[in-house]
Each structure stands twice: as C-alpha cells, then as structure tokens.
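The following pair of complexes shares a single chain, subunit A, combined with subunit B in the former and subunit C in the latter.
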Partner chain A sequence: MLRALRARQTALAPLVLLLPAFTVMLFVVALPLAFSFYTSLTPYRLIRPETIEIFIGARNYVRLWDNPVFWAAFWRTILFLAIALNVELLLGLGIALLINRLTWGQRTLRTIMMFPMMFSPILVGFQFKFIFNDNIGIVNNALQALGLTDRAIPWLVDAQLAMFSIIVAEVWMSTSIFAILLLAGLLAMPRDPIEAARVDGCNSWQVFRHITLPFLMPFIFIAMTIRSLDVARAYDIVHVMTGGGPAGRTELLWTLLARVGYDNARMGEANAMAYVSTLLSIAFTVFFFRKLMAARRYMGGAE
Partner chain B sequence: MNMTLKALALGVSATAMIAGSAAAEIDYGSFPDYTLRVKLIGGAQYEPLYAEIGQWEEATGATVQILSRQNHFDLDREIKQDIAAGTLNWCVGSNHTSFAPQYGNIYADLTELIDAEVLAEFVPLVLEHSTVGERLVQLPRHSDVSNLFFLQSLYEDEERAASFEDEHGYPLAPPETWDQVRDQAMFFADPPDFFGTQFVGRDEAVSGRFYEMLVAEGGELFTDDWEPAFNSEAGVRALSWFVDLYDAGAVPAGVPNYLWDDTGLGFASGSVALNLDWAGWAAFFNDPDESAAAGNIGLVRAPMGSAGIRTGWSGSHSFSITETCDNKEAAASFVTFLTDHDRQMVEARRGLLPTRTRVWETAMDEFREGGDEFMVTVFETYQASMAEDAFTPPLIPEWIEVSNVLWPQLQAAMVGDRTPQEALDAAAAEALIIMEDAGYR
Partner chain C sequence: MSRAAKQRLASVGLWLVTFLLMVIMCIPGLWVVLSAFRPNREILARPPVWVPERLTLNNFAKIFGLGEAQVAIPVGSYFMNSLVIALTSTFVALVIGMAGGYAFARFRFRFKNSLFLSLMLFRTVPGIALSLPLFMLWSRLGIIDTQMGLIIVYIALNVPFTIWLIDSFFRQIPMSLSEAAQVDGCTRWQAFWKIEFPLAKGGIAAAGVFAFLTSWNEYALAAQLTRSTDSKTLPVGLMDFTAQFTIDWAGMSAMAVIIIIPALILTFLVQKHLIRGLTFGGVKG
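Now for the complex of A and B:
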C-alpha cells in the first residue's frame, strides 16, 4: 500500500514540477493566442469594443482569400526574407571568417561589429531614409559629385530600388547577428581535423568546403531560424523608410497588419491576417529545423 | 457651472483685455493633492507649451502626470487600445480635428464644462470644426492650414520673367491658380539641382492634399448619400496635377515617399521654388542659421483651382476631456489654461496659428513692434486663409480608413502604375465597401 502510494507520488512528481511552466505557458502563450484567434472570427474594431461579441465565423478568412493586397504583401515578405537572410548569411560568414583569422584586436572588432545591433530599428529606418533621400541624401549627392550620374535616383520610390534600400538597411542592422553566431562556431571548432586535412594536402577552399562549412551548418541554421522569425515581423524600418509604399511596392505583412489593425481599427481582420502570416513563420522554422537536424546528423552529432 | 469655473471665465476674459498677464492672476481653481493624468502629443513643435504646465500646478495645487507623450499617429493607436481594453483611466488627451470623429463618445461635451464666455474667445469656425455630432469634444490649441511660400528672387529676374511670358503668354508673378503653379514649377525646375515645387506623397498627408485640390476643382469626396464621388472628372483633374508634375520631373523624384519634414527641410535647403506649407515652418524658413532660403521668402494665399475655390485643407490640434475623468472640473481648468491667451502666445511666437481671436492681434502687434515684417505677413496671410478658405475633411469616423485606401492609389497614379482614372476608380470601389460596412448605405 505504502509502496503503491510512493510509486504514484514518484509518477506525479514530474507533472507537479512541470505545473508552474505549464501554468505560465497557459496564461502567457495559450490564452492570448486563443483570444486573438477568437477575435479573428469576429468583426472586432478597437474603437467599438462591443463588436467582439459578434461571431461571424470564417468571414474574415474568406475575405482574406480574395484580398490581392494581402497576398501581394505575403509573397513580397517571402521574397524579402529569402534575399535578406541569404545576404546576411554570406556577409556574416565572410566577416566571421576574417575576424577569426585575426591574432590582434579581435575582441575590439567583435565589439565594434555589434554596434549596429544596438540601434533601435526606428533609428536605423530614419538613418537610411536620409541616406537614400533622392534630393538631400548622401548616396545621390556622392554619386552626383563623383560624376556617376546626373539625375536624382529615386531610391525609395522605384519598384526595385525601394525594396533594395530597405534590404540594405535590414542587412546593415542584422548581419552582425550572423557574424557573432558563426564566429562562436568557428571559435568552438576543433583544430585537429583542419590540421589533418592540411597534412593530407588540402588547399584552403577544400578545408573550408569539407570541414569548416559542415561544422558551421548547425550554427547557420540556428541563426537562420532566429532571423527568419525576426525578418518575417519586419515593421519599424519599412514603416519609417517607405510606409509600405509607394503604391504598396514595399508593403510587407506587418506594415499591412498594423494599418488594418490600428489605423483602420479593424483588429478582427488584422488578427485573421496575422494567423495566416504565422503559417509563414512556422513553415520557415520547420524548414530550418529539419536542415539543422540533417546538418547535425552529417556531423555525427546527437539528434 | 460652479463658482470656480465662472471665476475662471471672468479671469480669462480679463486676460483678453490685459494681454501678457501672468497665469497666477487668473483663478484656475484649487485642486490640492489631485493628480491629473494626461496623454499629450509630443514633438519639437508641441513641447514648448508643456514647459508652462508648472505654472498651472503652482496655481491649483494639482500635479500633472503625463502618461504618454508621442507623435499623434502613435498616440492615436494608444487611445484606440485604451478604448478596446476599457482603460480610459486618464482625463485629458491631445486630439485633432481629423481624428476626433473616430473616438465615438469617449470625450465629454466641453460646452457643459467650460463657460460660454470662454468659448466665445475662440475663432467660431475653429470651434465649429472641433464639434462632432453637435458635441464640442475638443478645445482647439492651434490650427493648421497651408499657404504658398516661394523664393522671391525667382520673380525679380527680368530676363527670366520675359522668357516665361514668351512661353506661357502671361506675366511671371506669384501664382494665383494651381494651373499657374504647374506652369511655373515646370518652368523653374532644373533637376536634380533645383525643383519647381514638391508635395507630401504618403499617408493621410497626400489624401488631404488631394482632397483640397478636389474641392478647388469643384469636386466632392462623397455624394449626399455617402457614395464615393472623388473618381469624377474633377477628381481626375486634381490627381493629374500631381501626376503631371511628377512625370515632368518638376518635383523631387522621392515625393511619393515625402512627409511634412521632407517638404519643410527641402524648401529650407533653397532647392525648391514653390512650397505649400503650414505656418509652423515660417520662422524656421526665415532663420538664416537654419535655412538657405532665409531673407528670400515670399508668401501668398493658397492658389485657386479651376472652380475658383482656394485650397484650404485645415484642422486643429486640440485637447479633449474623457467622459470617465474623475475630476472634470480640474481637467477643464487645465485645458483652458493650456489654450489661454498667454499660452497661445508661446506657440504663436513660433508661427503656430492661434485659435483665440485676440491672440492673432496680440501676436501681430508684437511682431510689428519687433520689426519682424515677415512674421506679420505670415500671420496676415494665414488669418485670411483661416477665415475664408479653411475646410476640414468630412468629420466622420471613417475618414482615416477611407484615406488609407485612397493614398496608395494616388501613389500608384504618380509612379505610373495606373492612370488617374483607374487609380481613383479602384480607391472609390474600396471606399464604397468601407461606407457600406459602416452602415452609411
């Protein structure tokens, strides 16, 4: 009898220990999610709180299906994510490899490298809005002074250049996240395989391609996962630099969501958009985690 | 109306007669140990007034707790969140003519809180614009309407004037119509070094600019039964004005992305000939430390459209008192103090347009005595404009939402993605859905 009671206590112990975590998850994550999902099934308007009680089923989602502005922003966000992440990866990897080779001043450079991360995205947005201003901006003035152009290039207006300018701002601010994570990977890397490869006659490219890069892949995918969640929620920089315009050319999901939810006060519709958008983040996260597992298997690590 | 506010009314009337009297001479009531919770608009143009709040605290014994101080768009979001969450536990909030109709009945009718004699000190048209559904929900702080600044030297060159007259068949003079602005802007433009004019190109800013051009062209935003009507011939003419200038390169290529700061700083850089702007920039434009155009600035009333109507999109920054306020008497005292004669003079000296009739005169007298003829001209021009030309957008809750479907289409026409007619038709279709959803049709 006593043994049975003790066995039951032992079985319950993990559940009791996990209870605080579950409680926190319930109130901090599950309930707000359930509430916002419910509001997406209502015509909820911030300035008419009573509208939260009107249930309209999937009407917001049906409207969304036929909303070309939303889908344009959706696909544009995917394109923005793909370009920004890959450019940040390439630059971050290059910076990490260069800094890793330094024997003097590495700590100072590592600190300097983190400066862009310390800026608020709003400040970065204003900074690049000024840099790319067609009339008084630094870029156009420099290009004109150097005789490379005699016209004011509309960086924040042209269909391609506007998105390019925003990507430049995003890359400037966040490349250091990749660089720091990849540098951590390089510093943790054992030297033996590299020295063995050199003894076997491998050149630098072969060492990088077959030893360094595979070792870094888990770090790359962790950085990709973190940044994909960040970039998919890009708002401040775009809001300040272009406001999603002109003519929706730089409209991303979260600038559209903010306009619908707050400016137009249609929070029910905005929450429906947010739920569909979440699918995008889940898809990217699942994709990068699968890649991460595959990379760890390749390295012989534990799954 | 209790005794304190009657005394307040008398006090304020006395202030009107004795300009320059200190706040301490007026009885703003006594609210010892009371903390008044407020949410105010922030920013360089608005902050100097808040330095005066200490005087009200000293006079009344109350303390002002500023819960929020941010730009109006962010403040608007915060207020909407407060409405949704039922947390309107503050008393005074900054407001604006264009935004006020959205907030339903959260703000009190000030005619019940502030004496009629005090309200009679304000410009009647501005009070009318502050009224939503027959309720005066805002006490106006300062107004904005735009007039046309220009670089004077451009009109003093005889050779240039002769060349213009040859080309266009009429003498070169500061423009009286928007067609003349278009002609002159194209004539003066020498991109990328110099531009004929410029305009704000995004958000409610460009919706408002289009709206006033629409009115000046004889068009209307909605029919009497609230069907969107801006995709009319007048609407196409109004939008074509922006498109023509953009296509001709007479405005900076980045204008679809410009807001007020961009146009203000652009004109101050001396690289723009004509600039429709509010008076808040006037002192800055003519300050040699800040502006390359200083000493070379002319100003005329906003030009007319083809219907013979001047553009005059106007609004006022204001203060409102929540219905849920726990001490409306203290709140009324506070907003009256912030909009009294002396406080409005603090803002008028910076070029912000007063909402009290007498402050206009006091400010102009002060500028004359100081020998600042430029600011006298500014105040005379804007006074005429506020009295004769000013009109607001429709004071309905849906204005901001309609604006949000309108401005991306205006941009689409400017950058050539759509013709003006296609762009306006698309915006009108979206606006129709908004009006139907809101129960207007």
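Now for the complex of A and C:
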C-alpha cells in the first residue's frame, strides 16, 4: 500500500510545484540578465536610445580589461570581501563560543546579539556616517574627550580611513549572522566527545582544534553560503557613507557600475561591469555551496 | 570560599563580561535611536553634549509634518508603500515557496541538487547589477515607479531563500505522518493541510518574517525603480534627508527608528524558528 502511494507520486508533481518559482525567476532575473548581456554588447547610452541597436561585440569587455579604474575597483572589492568576511567569521565565532559557555542567561544575550541584524543596510551606512562624522561624530568626540587626539580625524575623507570605516560598518552589520548560526551549531553539538577528550587529558585548545572546529565546519559553510547570497548589499553602505569617494578611493564594483550606468548614462559599459560582478558573486556562492555539500556527505546526512 | 561559590562567581563574571561586550556592540545602533529623541541643536553642539538634558518627540512630529511643520517629507506615504509592497510580496513569495519547498522536501526527481543550486544562484545576482536591465525593461513595460513593479521584483528576491527555509522545515516532519493520513483516506492535498502545514507553521512564519524584512530593508533596486510618492519606500525616502552639503541628522534618526521598530518586533517573535530552519536544513541534507 505504501509503495503504491509512493509510486503514484508521479514525476509530474514536483515539476508542477516548482513551476511558479522558476517562472518568477525566469521573468524577473533570467530574462533581464539576458537583455543585460545583449546590452553589454552595444554602446547603449540612455540619452541616445537608438544606440541600443548597434552591435559592437565584446568591445565593452575589452575596454574594461584595459581600464585601470575598473581593475582598481575589482581588486578593492575582492580585498574588501576577504577582510570583512574573515573578521566577521572570527568575531562571530568568538561571540558564539563565549555565549555557549554561559550557564544561565543565555537567551537574553542571544537576543541582544541579534540587534544589528534588524538594521537595513542603508540604515547601517547612515548610522556609521553619523558616528564617523569628523565634526559631530561620537568617535571623534570620544577620542577628543579622552585626550587621545586634539584634532578632528577625517574618518570619511582620508582614503585609508574611509575604507576602514566602511569595513567597520560592514562587519557590524553581518557579524551577528555568523554568531547566531555558529551558536546554533555549538548548541547542537554532542557533549560526550568533548568530555571523553578532557578525560584523556586534552587541553582546551586541543579540544577546540580537533573536536569543536571540525564539528562546526558545516555550520561555517552554511553561514558563508547564506552570506554569499547577498554580499552586494555592501553597496548600500558605501553609497551612503562615501559614495565611492574620496576621489574614487573606496569605489567598489557595485558603486562603480551604478555610477557608469545611472550618472554617466553609459548603460552598455555598465552592463558589462554588472556581468563581471554577477559572475564574481556566483563563483563565490558555488564555491561555498560545494564545500557545504562535501561537509554534508562527510556528516552522513540524509540522501 | 567554597568551590561551589567560586564557580558561581566565575559564571556571574563571565555573564557580565559577555553582557558588556554585547552592549558595546550595540552602541552604534543605540546611538542613532537616542539621537532620534534629541533636538538637532544638541546633536550639533560643540563641545559635545554627552548626557541629553531632555528627550523630545519633536523630531517625529516634524517628519510627520505636525507641530512646527516645515519639512516636506511624505513619510506617511513612504510607510504605506513599504507596508503594501513588503506584505504583498511576502505573501506571494510564501505561497510559491511552500509549493517549491514541498517539492524539494518530499519528492525525488532528476537534477534536484542542480535545480536547488540554480535557484540560489538567481538570488546571488547583485541587486544593483540587476537594477540596470530591470530599469530598462520596467520603463518599457510602464511599471516603473509603481508598487506592482517593485512587488514583482521582491517576490523573485524572496522565493529562493523562502524555499530553502520551508524545505528544511518540511524535512523535519516525518513522511510517515502524511502517509498514515493517506492510508486512512485523505488525499495528499488534505494530508498536507491537516498534517504537514500545521506542524511546519512556525517555520513558515519565520520564512515569512525573513522575506518581509528583506523587502522592508531593500534599497539598491528600490532606489532605481521608484521615483515618487507613488512607490518610494522608507529606505529610499531616508535619502530625502541628505541635501548636497547638509544632513538633517535628527530627522534621519527619527526615520531610522520608524524603519527599525517593525523589524525589531518581527525578528524577536520568530528568532527561534529562524535559526533552527537555517542550520537544520543545511546540515541534515
């Protein structure tokens, strides 16, 4: 009887159930991306609509290849992601381990910890623009009140400091996600192996390195996969805080393509950049998704 | 001191240290919330005023155009646009996500993993990159600067992650439950609504909150696809406060609080389900 039931679940059912999802994605993402790809092969400018019909092959891409501004933004984006994600992971892991050690009052602290998660990226950007403001920002006010500096530090005007401030904002926004996912992993962890290792004379570092960390790996990959789905929301932060300035020194791929597309109205070139940034995000997600799948098999999950 | 007392003291100490760290982490957010209740004069004061002399609701009255009305920022219509767009897109994404999540959790079919991954990859496309073609297409279709235009985009933005979450919640429900119901004469459709849906309700609510927050907080796409009070949402409206060289910090902070409050309430309501769904679905295949 059961087998008969299972057999009746024809091959058609999942297709019908998934149809709406894929229809929406096709209409809102895949088709526009195809259109975007075509546009990237034209010299399309918003102010001259007829230019969309001129086909120039890969010339936009070739021009990107020779464009130092583009490459600067590209490598800056990679560096930005590398620093931000690693700091977020380490801080998140630290917070998760700390909260996991508490014997009471865990829930309260977990709730407080989630506070930054509710902030819209645009709000986070505005908030840190406010905090790092050289005249009225709390950071400069505090430093001056403590006598650590007597002049106003130009946090968002100096190139290096501006990049630093942006990374601080990004880390503030996303560390809780790592912390909450890793904490869930720690809470799901069986106690026996740790106690056994302690009985055998392992110290805290050895327990962490050889038992806790391997167990946490899949959770780290989940966190990374989820984060990789929208790394580009850093656009909102940079857009508000510096707008890519000073003199393009905090320009990331995302702010650059917005500037070329909307401010300079050179849609063809902007779409070529958009394609590069999309491929970057996809590569990133695929990388962590595959790690996650491998870790899953290792954990002996279902299927 | 006895051993037990020492241990107790150590655990209190650890809690206090952790608590302090968390509070320090929250300060940037709390500072904005505090600024929403301070007069602009005090925010701009030199030397800085650390302890507010009095807290006021004037900033809120101002942005809603009450009292000493002078600012012409239509916060009311932004709020309504945000609400309508976020609620509608969340509802539709949930319906589509329930169908999709059920398919992934309950059926075996070819290319299952690839289909799942491709759904996620649709979500990966950076909003600002996607905004370029959508801006061109939506203008041609005449749905730029309409609530409908943004609702359609947000449905697509939310479907992949909604499917991920709902899939993981359906997986936690043993298949034997719905099979038993079917043996007893239920159709699969009835079994779904009588058995699986009630059991997965918490998780579906969590997915809904997540979708709502994504729509509520989104900026990159909304900034390009909206123009006027017909469809501008709160995050886009926030930029109204920045003129070329001056920023109304107090007004912006007040608006920030208005944006945060719904997010705050919703997240706390479903935090438990949200965490469970994300991690369980990932690890147990």
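The criterion applied here is as follows: the second predicted complex is superposed on the first by the 241 of 303 C-alpha atoms of A that agree within 3 Å, B and C clash if a C-alpha of one lies under 4 Å from a C-alpha of the other, contacts with A are read in each partner's own complex, and residues count from 1 in each chain.
Simple rule for what comes next: contacts are C-beta pairs under 8 Å (C-beta built on N, C-alpha and C of every residue); 3 or more make two chains touch, one makes a residue touch a chain.
None of the values given here were measured: they were computed from a predicted structure.
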**Request:** Could you say whether A:Ile136 touches subunit B, subunit C, both of them, or neither, answering first, second, both or neither?
**Result:** both
**Prompt:** Which partner does A:Tyr235 reach: the first (subunit B), the second (subunit C), both, or neither?
**Reply:** second
**Item:** In the superposition, subunit B vs subunit C on subunit A residues touched
**Value:** C
**Request:** With the two complexes superposed on chain A, say which partner A:Ile153 touches: subunit B (first), subunit C (second), both, or neither.
**Result:** first
**Message:** After the superposition on A, what does A:Tyr262 contact: first (subunit B), second (subunit C), both or neither?
**Reply:** both
**Request:** Once the structures are superposed on A, label A:Ala145 by its partner contacts, choosing first (subunit B), second (subunit C), both or neither.
**Result:** second
**Fill in**
Overlap of subunit B and subunit C contacts on subunit A, residues 135-136, 262, 267
**Asked** Which part of subunit C faces subunit A closely enough to touch in the complex?
**Response** 11, 14-15, 17-19, 21-23, 25-26, 28-29, 31-32, 35, 43-44, 46, 48, 50, 95-97, 99-100, 102-104, 106-107, 109, 113, 115, 117, 119-134, 136-137, 152-153, 155-156, 159-161, 163, 171, 179, 182-183, 188, 213, 216-220, 224, 235, 238-239, 247, 249, 252-253, 256, 259-260, 263-264, 267-268, 271, 275-276, 278-279, 282-285
**Message:** Under the stated contact criterion, what part of subunit B meets subunit A in this complex?
**Reply:** 73, 76-77, 80-81, 83-84, 86, 102-104, 191-192, 195, 201-203, 252-257, 262, 265-266, 269, 271, 397, 400-401, 404, 407-409, 411-412, 414-415, 417-418
**Request:** Spell out the part of subunit A that touches subunit B in their complex, as residue ranges.
**Result:** 46-49, 133-136, 140, 144, 150-157, 159, 241-249, 259, 262-265, 267
**Item:** Residue ranges of subunit A in contact with subunit C within the complex
**Value:** 1-2, 5, 9, 11, 13-15, 17-18, 20-22, 24-25, 27-33, 35-36, 39, 95, 98-99, 101-105, 109-123, 126-131, 135-136, 138, 141, 145, 172, 175, 180-181, 183-185, 188, 218-219, 221-222, 225-226, 228-233, 235-236, 239-240, 254, 257-258, 261-262, 267, 270-271, 273-275, 277-278, 281-282, 284-286, 289, 292-293, 296, 299, 301-303
